[in-house]
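In what comes next, subunit A is part of two complexes: it sits with subunit B in the first one and with subunit C in the second one.
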Partner chain A sequence: MKLHYQVDGDNFLVAGEASASLKRTLKQLGIDSSIIRKISISMYEAEMNMVIHAYGGVIDVEISTDKVHILLKDKGPGIPDIDLAMKEGYSTASHEIRELGFGAGMGLPNMKRYSDHLNIYSEVGVGTTVEIIVFLM
Partner chain B sequence: MYSHSVTLEQTKCIGCTDCIKRCPTEAIRVRGSKAKIIEDRCIDCGNCIRICRNGAKRAVTDDIDMIQKYKYRIALPAPSFYAQFPKAKNIEQILSTLYKIGFTDILEVGCAAEVITKHTNEYVQTAKNFPIISSSCPAIVRLIQRRFPSLIHHVLPIISPMELAARYIKIQYLEKGILENEIGVFFISPCPAKATEIHRPKGLDRSYVDGVLSMQDIYKMMIYKMNTNQNIDVKRQSSYKGLSWAMHNGGLDENTIKSHIAVDGMESVIGILEKVEDGTLSNVQYIEALACTGGCLGGALALENPFISRYTLKKWIEEDLAKGICSNEKLIQEIASLPYAFNKDITPRPVFSLDRDMQKALTMMEDIETLYKQLPKIDCGSCGAPTCRCFAEDVVKQDAKIEECVFMLRKRIQDLSEVMHNLTQTVIPTHNDNNRKE
Partner chain C sequence: MELREIQDILKANVWAGESRLDMEVHAACGCDLMSDVLAFAKEEVLLLTGLINPQVIRTAEMLDIKAIVFVRGKSPTEDMINMANQKKMVLLSTDQPLYVACGKLYGRGLMNKGDN
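Presenting the complex of A and B:
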């Protein structure tokens, strides 16, 4: 089945709602709770990145009996050096954002840790597409 | 078979939709003008009891007459119970009144709470899976089993102060050679979930508590005997340390556990558990989660306003400190020597799962999504389900019919009347409507 979410940029109040909604759906599908957790953590990170860095975007999720495939697309500033961004502790967040407890530089590393496949396609000035795959078996 | 402590009084229920909206596990539907509790989903939190303005939801606790069956009748009063008597002279007065209404012995649950605090601190120091979530509130443990099964291994595997207190006192009597059927141990409870807890314990095979009595029932018996002059001499067993358990933040030692969150009130707890699931709170060591606003002081069976109760307890804590009242250390040490860990795993109860077969569940989910899109999404509750989404699920599960939604019904009537109107335009071959002779 396919699900589509619109993520509002710059609205911290509703940030994370797509992840929360997907989590509810996955629970109803009877998927193992430890796998749901992997999906929730990686998707939540990705969704928050969209809100913080890229003025929102769209998320398409496809659920089949063997895997959950998540595609997050934004038209944000893009990531100049993906390898660098993947390093633990690396962060572009401003001082103010860090004061709020975000921007510890664990977002991308955590997404990688909790997903089975993580692909990031990004072009500076055009946007970023993040693909997350978590297998259910 | 005893299953739940929240039940419905049929005659009082008028079929409004107040309770269905506030149930954290979407366990109530209105059918035929009566609320119906889906047993599997109910976590005994008591939200519906508090919200019902007709008093149709009732907490089932044990009958007070039950104590007469036992030769030795032991009361386990918790600090939350003391808080129901803001005008009492002191805690000793409350305890002595318990003897006057028929109990033969008392063990303050506060003693066991002091011990559990120590055990919790030790556990948190050696644990690996953070954050640890407190297990003393049975409604929260039930909530985790149903709504957050991935967090089960975060639950503190330590029994509640009530259970530890009951274990200690019962063993004491048994060691004196008294027969087990002569010993009755009774918890005076602020909440219905504790009643379910002793009949269907979590994390242990059997409970040492023989009955859970409602705070309201005991209160009624006590107020008449409170001020008589023949006070029975009682000695406090616990002190300010135990009293603070009933306030939120009470279940932990702030000096040992540095990073912790104390959260109360069902909606707030759910918000925090969602965050734990999303992995954003892994830097927190301990979460004390209580279902009722104000913790146990705000239990559905408590009479006093929880904020007044907090003030009352604070006052007594200060008095204890000023008078230098200490806990009975010998007693505390004896309680501390008893086993306190869970001896049974807590199992997930994923009641929200649509079907065991994932392919079938996926098909159902697609149907739910399609139907949901057609619904008004205003969650009016007229169909008897708490939300449009929940209604869509009920329809797909064949627990409800689509026309039970007033908007869908109106649309269906509209469609049908259109068909009927079209039929009125049918040309009758033998007849010409324009050429009718007057």
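Presenting the complex of A and C:
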């Protein structure tokens, strides 16, 4: 099954709607709740990053018998130093984002914590692609 | 512990899910940082927070958290109440600060960590 989502930038009211929609689909498919939780948290953090840092983007999800593959692409400013961005507590988010309860430097570490594979490809001034894989068994 | 008992202990107002106050929670998590809630909270806990924005409801949805208590006299916005009603969540608010609200519930037996 393939799913496609368009994510608006700077619209915090609907931010996370794609992750919520995928979560509902996974529940309908009868996937184990602990696996749904891993997928939901890692995709939600990535989706929030798209909204916070990258003016939105597109998400493509492929659900197969053995895994869920999520590809998030944006045309944002890119990540200059991915190793630094992966460190818990490191954040470039604004004060406004921190007031939303995000920007604590836990987004990328949370994605790594809850996914089985996380790959980040980023070019400054071009954009970022985040690939998340969670196995279903 | 039933949500009705939590409402009583915290002298809380109910903003959404009044018909679901017979629901039970076994653990609680007090936190204002949603990324930390995502990192550490267990499933189906009670979330206590002083943060007011729609991402609190969204974060709860991701974690299957069914009940939220807003502390320090803060009230949820209409957007948040609508979202919570759609997702069948219970929203409460109390004048107590986060530390005191958590302490009162802990003292009355809600002792399992949610984590945080």
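The criterion applied here is as follows: the second predicted complex is superposed on the first by the 137 of 137 C-alpha atoms of A that agree within 3 Å, B and C clash if a C-alpha of one lies under 4 Å from a C-alpha of the other, contacts with A are read in each partner's own complex, and residues count from 1 in each chain.
Assume a residue touches a chain if its C-beta (ideal position, glycine included) is under 8 Å from a C-beta of that chain, and two chains touch if they have at least 3 such contacts.
Keep in mind that this is a model prediction, so the values were computed, not measured.
Q: Going by the contact rule set out at the top, does A:Leu29 touch subunit B (first), subunit C (second), both, or neither?
A: It touches subunit B, and subunit C stays clear.
Q: By the touch definition at the top of the document, which applies to A:Gly107: first (subunit B), second (subunit C), both, or neither?
A: In the superposition, A:Gly107 touches subunit C alone.
Q: By the touch definition at the top of the document, which applies to A:Ile63: first (subunit B), second (subunit C), both, or neither?
A: In the superposition, A:Ile63 touches subunit B alone.
Q: Does subunit B (first) or subunit C (second) touch A:Met1, or do both, or does neither?
A: First partner only.
Q: Scan A:Asp74 for contacts with subunit B and subunit C and give back first, second, both or neither.
A: neither
Q: Applying the document's definition of touch, where does A:Ile41 land relative to subunit B and subunit C: first, second, both, or neither?
A: So A:Ile41 meets both subunit B and subunit C here.
Q: Looking at A:Gly16 after the superposition, I want to know if it touches subunit B, subunit C, both of them or none. Which is it: first, second, both, neither?
A: So A:Gly16 meets both subunit B and subunit C here.
Q: Return the residues of subunit A at which the contacts from subunit B and from subunit C coincide.
A: Shared contact residues on subunit A: 16, 19-20, 23, 33, 37, 40-41, 44, 110.
Q: Subunit A touches which residues of subunit B in the complex?
A: 147, 149-150, 152, 274, 277-280, 348, 350, 352-356, 358-359, 361-362, 365-366, 369, 393
Q: Enumerate the contact residues on subunit C facing subunit A in the complex.
A: Checking each residue of subunit C against subunit A gives 32-39, 43, 49, 51, 53-56, 58-59, 61-64, 79.
Q: Which residues of subunit A touch subunit C once you look at their complex with the stated criterion?
A: 12-13, 15-16, 19-20, 23, 33, 37, 40-41, 44-45, 48, 99-107, 109-110, 113
Q: Using the touch definition from the top, list the residues of subunit A that touch subunit B in their complex.
A: Where subunit A meets subunit B, its residues are 1, 3, 16, 19-20, 23-25, 27-31, 33-34, 36-37, 40-41, 44, 63-65, 110, 114, 136.
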